[in-house]
Each structure stands twice: as C-alpha cells, then as structure tokens.
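Think of it as A, B and C in the order they're written, each chain with its own count starting at 1.
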Amino acid sequence: MAKIEDLKEEAKKLLREGKVKYIIGYGAGTNGWPAAPLFVKTPEEVDRLVWDPTCVHNLVRFLVDEKRRKSRQKQPDKRPVGIVVKGCDSRAVVVLLQEKFIDRGDVFILGVSCEKAGVVDDSKLARKLGGKKAKKVAVNAENRFVVTTEDGEVEASAEELLAERCLECKANFPVVYDLLSGAKTKRPLDKPFGSLDKMEALSSEERWAFWKAQLDKCIRCYACRSACPMCYCDECVVDSINLAVTADTTADEKAQRIRWVQRSTESSENMVYHLVRAMHLAGRCIDCGECERVCPLDIPLRFLNKKLEKEAKELFGYEAGFDADLPALVSCFRDEDPQDFIR
Amino acid sequence: MAEDYEPRIVAFLCKWCSSAGSDLAGVSRMEYPPNVVPIQVMCSGSVSPLYIFSAFNKGADGVLVSGCHPGDCHYIKGNYYARRRLNLVKNLLEFVGLEPQRFRMSWVSAAEGTKYTQVIKDFVKDLKPLGPQTKLRRIS
Amino acid sequence: MEKTLPKKHFSQWLKSLTSRRVYVPRKDEDGRWNYAEADGGEAALEVLQTTLPPKKILFPQREVFLEFTQSREGQQETLELKDVLPEVRPTVIVGVRPCEARAAWLLDEVFSGEFKDVYYWKRRDETALVGLACTTPPSEHCFCTSVEGSPHSVEGLDLLLTDLGDRYYVQVLTPKGEKLVAAAKTLFEEPKPEVVKQAKAVQADSNKKIKRQLKDARPIAEKLKGMFDSTLWDEESMSCLRCGICTYLCPSCHCFDINDEVESPAPLRGQRVRTWDTCQFPDFTMHSSGHNPRPDKASRLRQRLLHKFQYFVQVYDRFMCVGCGRCIALCPVGIDIIKVLDKVKENGA
C-alpha cells in the first residue's frame, strides 16, 4: 500500500494556498471500523489523513453532495474540492466527468495506489478474527495482511481478506489524478467476471430461487442508492413525487399518476426496483462495491451490476470509467452490435 | 395447466414500421392469435427498460418489442439504440431467472404483414407451455 | 412474581407455547441474526443483537389499512371501502433484549394518546415479549445505562429471564407473562433465596460491563433546546450518506408513509398501505409546492438527534433512544451518535 507522505505535503500546500475548499479523505473511525471519511479544512488537520486496507469507502459520493450544496448557495465558492481516490473510485470520477455532472476543474484528485494489494472485506475480516476487533490493518512486504487486534497480531493471505471486487480489480491505481501517491503496479487478476461463472451455470429456476430469496429480504431502505456515486438523480424513478397536488387535483388524477414501482416491500416491487437500478447503471457502474457493503441485509447486489458490466464488455466492447470522452453505453452503438437474438 | 390458458402478450410496436406491418396483416385479413395487446410507440429506440419491467409487473406473460430493420429507422438511429439497450434488458431478465422465451425483439417492416403474424404465432406457441408469468407480476 | 426455570426445561416450555406464533433469534447463512418464526424448531437463547429489531413484528414494514373497489352499474358508481385489520395470532417473541422491549414501551406511548393506532395495538395486544437480560453487552456500542435503561430493565416486557448458568431466574411482570408460565407450570420452580441473591448480583454486575457511556444525557437534552441553529450539525453531517440505515434499524424509530397503491384504474381498485419511512430521506419533508424545510443533511441529522434526545423528552419525559448501538455499528461512514452528543456537550464550553 502506498505511503501517503507526498500526498499529505501536497494537501497541506493546497490548503495553505487556499487552492481547494476542503479535502475529502480517510481518517480514523470511531465506530469500530478503523477508517471513516474525513473532511480536512485546515493544513493542521492534514496529519489526520490515513491510508490503509480499511479505506473501503468510495468518497466520490461526496462530490455529488458538494454539487448539491453549491446549487443551494446564492454565491457559491467556486474553488475545487480535493479528493483522495483509489483506482476504482477514480473511475467513478471519470464517469461523472463523462456525463458532465462535474467539470474537471471542480476536483483536485489526490490519487493513491493500492500497489498490488486492495481493501479488506468487513465480513471476511470478522470471520477471520472470530469476534475480536481490528484496530489496524496493514500490508507487509510479502503482500500479506497484518491485522492488529487487542490481543496481538494476526496474519492472513490476500485472498482470505481482500474484498471480492479487488480480486477482479481493473484499476489498481487511479486512471485520472492530479497527484499520484504510490507506484503504478498491477495486481495479477483472477479471471475477469469469474465471480459470475457459478451463477450463470445454474438453471433459470435455480437462479430465480436465489434472487427471490435474496430480494425478499430487501427492506427498501435505499441505502444502496444513497451510497452509489452514480445514483445522483434529483428525483429517482421509484420516488415519483412529481405531482403537484392542489385542491383541484381529482381523485382520478391522483390514482392514475404514474407509479412504476410501489413503495411496498413486495417481492415483485423489490425485484423491479433492483432491475431498474441495474439498468440505469449499465455502462456506468465501476464496481466500487459500496451498494453491497452498506446493505444491512447482506443482499449480493454486485452480481446484478457485474452481469451488465460483463455484457457491456463482451457484447459491445465497452468499459465504464476509463475514458471521459466516450459517449454513454446506451447512447452509442456499433454497426456490428449483435442482433442474433432479434427475430 | 388449464387447457384454456391464453398467454397475454404486450407488444411495443414502432409506429412507422412494425405497427404499420400489423395493420397490413389486419387489412389483409390474415389470421393470427388474438393474444396481443399492441402499444404503438414512435420508435423502438424510445422503449425504456421500465416499460418492459412494468409490463411484466402488471401481469404480461410475454413482452415483444418490434421495430424497423437496421438502416430503415424513421429516426435514422433509434433502432440501433434499441438493439443495444434491449439486449442488455434481455440478458438481465434471464440472469435473474425469468424464462428466456418471455421477452423478445423483432424487426418487422411496414410491408411485412406476414412476418408479423408469424412472429406472433411463434410467440404464442412458445409461451403456452410456460404458463402464466408469476415471477415479476405484482400479486396483492 | 418470581420463578426459576431449569435450562433443561427450556425447549419443553417453548413447545408448550405452540398454539402461539413463536419468534426466536435465528442465524442465516451469512452469520446475521434476525427474529424468525421458530416453527417448532430449537431455540438457543444467546445474548446477541439481531440486525432488525422486533419492531418489524409489532410494526411491520408493510401494513394494509383498507381496500377500495369501485363498481359501476349503468350510471351508478359506488366506491366500497373495506377496513383491513391485521389478523393476528397470539404471538410470543422470545429472547428480546431489554432495550428492544423498552423501545416497544416507547412505541406504546406514541401509538396511544388521543388517537390509538388500532393496527399497532391489534398486534401489540396479542404479542408477549419474553426478554433475556444482557449478562454481557451484546454489542460493543451498547449504552443503555446512559439513557435511563439497563441490561435488565423491565419496561415493555412480560417476562424477564436472567441466565444463571444451569437455570434462568424468571421475573413475571404482567398478566400476559403469567399466562405463559401457567402454560407449563410444572416446568417452573419456586426460587430459593440464594438463587434470587445470585440473580440480583448478576444483574448488578451486568450494569458495570457496559463499556460506552454518554455522560449527562439529561443536561444534554436541555442544552439541545438552544442548538437548533448551531453549525455543529453541518460539520457532523458532512460524511452522512442519508442512507437511512440508522432509522430503519432503530428499535424505536417509527416514521411511516401512507400510499394508495392502485392495482387497476378503471374500475378503480387498490389498497391504502403504510410503509416505513425515514426522516433521513431528502424528500421526507418535501411539500407538494416543492418547498423542503429540511433540504440538507445538517437539518436531517439535527432532526434525528433532537427527536431522540430532546423533543421526546419534552413530550414524554423519556429518551427515545434506548442505547442499543445499532446506528453506530451499522453506519457505513462511522457517524457515532455518542460522539456527536459529546460534541454537543462541549459546544460553546
């Protein structure tokens, strides 16, 4: 894992010179997880920044918040915001740039490289530690994880603790940055999209049984949507509130207003919500894994997005988050796009 | 299942080609199964994945999207977008376990009344053994 | 009334309750615990924290209020409204944490008063809560003792079991609790004085094991009155994702949304449904004019904390927070309610 001394120096300089409003990075956590998002506003606070395998969060979500905050201010501060990004997170920045949601001048990107390692998965870590709490996680010279608990140190191989998405990592270091801390190394990859093999080998009925059981758990807390940097719509399709109700609105109008998905947590509604979200993220999801990490009911949401990511690559040669000049997946086409499924 | 089960198909037909093709089939008195609820859209490219999910949610047993042949789209490029987007929808629906035969796409031009009737006949024939669609349907 | 129940009789006692619907904590393949129907199966009582609190049984995610159907006969149009009250079987939830039962006691206050919520009370009246005292804290973030609760509090419970190794010390607290004991009274024994002494000692000891403390909760509640416009809320809410997990998993949060779900517009047919909602969603307070009095995360964090620690205290003289620590453990960005309230205490000092 990169040492971020150079990043901290740059951060201090940026804040001293007033070049950025504040810097979004990782700091020590208080709720039992070693890292948490940290908003650094002064050069003195910069030393609180940390970088280690527990920095799982995708901070790009806060760029969406920043844009919203600016839109509410009468005279917004137009300086950029500094942001610490991992390889995967930087792809989210690229997608936001591609969609012109933010300008390149709105962010100062402080990239960090995972340098052949990655971030840890919280459930894998909990299982490995058997109830003990992790105080610190580091990577040693042999690329093994070293976890410090209150009882001493525990060592583990990368595969035991790495987040599933890190095993399929496409960008070990940021693809866009103003400063890069750490080396541009590559992790040897598992088979791309290997995690889907097992699922795709199942029959239709088996797959349905799996997804029904998982999505029936959903309590529609919409945490998956809230944590995703790409779900930035002001009004989401499932929250159709855009009907101004006045004294003259008739009962018929209220009854017939378009409701694609009902609020109820019924099997079919949960299914449609997640399918719609997956479709809206086709060609945009960069597999930061936040949706699955935040889900309180442990629904394996990444599989839905991963499937469309695979289709985008294999059918259309499209990969999200590498080139900000590309059009969106669904607003371009090739003459040779497959059509053998069309009668 | 019941001998008298008739699958209900929702068909999104583009106005300039497929819908005209279905009109030709009607005007020419061609016979084909009456299981289709046709919805005319301006272009197959305007069919949002939401329409398809919603059709299944409301109880459709099968959904068809039909548009102009590549190169013949009234809006030049709409059907190319549809070809890409609906390919993704089809694969996603199959991935979650919906029977693959329930969603299909076709190219039907305004002159292809016969082709339209064949597409519908095939669809009904393939849907009958599957029975009613219960997976995405809202049962309350 | 007090009894003891030897552990070897516990399964038998559960079986004697099969005329009722019995919920127990169950582990799923991912290792998460949740209350699920026992279905006649075994239930080991352990001190643990489930992901979803028992409020999902008393106050379900989805509740149908009424059904409406429109029928037309010639020119005549009639709209039929049918009340739908939940059909509830007598229910027992076994292994409830005292804090969760305390939350039920708080919800009882909210859903009573001038307008009694018949849907909540139909379920509540038929449900008995059997608690297990927390001899050790189930979560590292427990702080029930700081909000006037305790690992062995009795509010909201019908029975409280305290684990004494080979047996449970049983406190029978309500007539519902008495009925549960009477269902298999031969399995219960009269407590010996030394057993009672042991139980009291275990309970007193459990208070000391709670690691996290929120000091001076009542003075903080007073101080919050003057902090509506503080900049503290903006600082503390910067990393909030407004994901809503804190409120959905909170045992005492009870905000809801009511929607008419129309199955068919003509003839009109549908249901009026209540679902969970959260003050953390941006459009929770959206007016139909488009104005939103809580448009930013700062105002929503403030709302959550003030509701739990000031408004509720003002109206009911109790904290709405029961100190279970779920919001702390499950917040994806580590926002810690105790730390925020500590900052409230230090603010301006």
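As a working rule, a residue touches a chain if its C-beta (ideal position, glycine included) is under 8 Å from a C-beta of that chain, and two chains touch if they have at least 3 such contacts.
Because the structure is a prediction, the values reported are computed rather than measured.
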So, comparing each chain's Cα centre against the centre of all protein Cα atoms, which one is closest? A
What's the farthest chain from subunit A if centres are computed as the mean of the Cα atoms? B
Subunit A and subunit B have mean C-alpha positions lying a whole-number Å distance apart equal to 35
Counting in whole Å, what is the centre-to-centre distance of subunit A and subunit C, each centre being its mean C-alpha position? 31
Between subunit B and subunit C, what is the gap in Å from one C-alpha centre to the other? 48
Got the subunit B residues that touch at least 2 other chains? 138, 140
Multi-chain contact residues (two or more partners), subunit A: 262, 266
Touching two or more other chains - residues of subunit C: 261
The subunit A residues in contact with subunit C across the complex are 29-33, 36-39, 57, 61-62, 65, 69, 72, 123, 126-127, 133, 219-223, 226-227, 239, 241, 243-246, 252, 254-256, 259, 262-266, 290, 293-294, 296-298
What does subunit A use to touch subunit B in their complex? 199-200, 204-212, 237, 260-262, 266, 268-269, 271-272, 275-276, 278-279, 282, 304, 307-308, 311-312, 315-316, 329-331, 333, 337-339, 341-343
For subunit C, which residues are in contact with subunit A within the complex? 30-32, 51-52, 61-62, 140-141, 238-239, 241-245, 248-249, 257, 259-262, 265, 268, 270, 273, 275-276, 278, 281, 283, 286, 288-290, 295-297, 328-336, 339
Applying the document's contact rule, which stretches of subunit B touch subunit A when the two form their complex? 49-50, 53-54, 57, 70, 77, 80-81, 83-85, 87-100, 104-107, 119, 122, 135-140
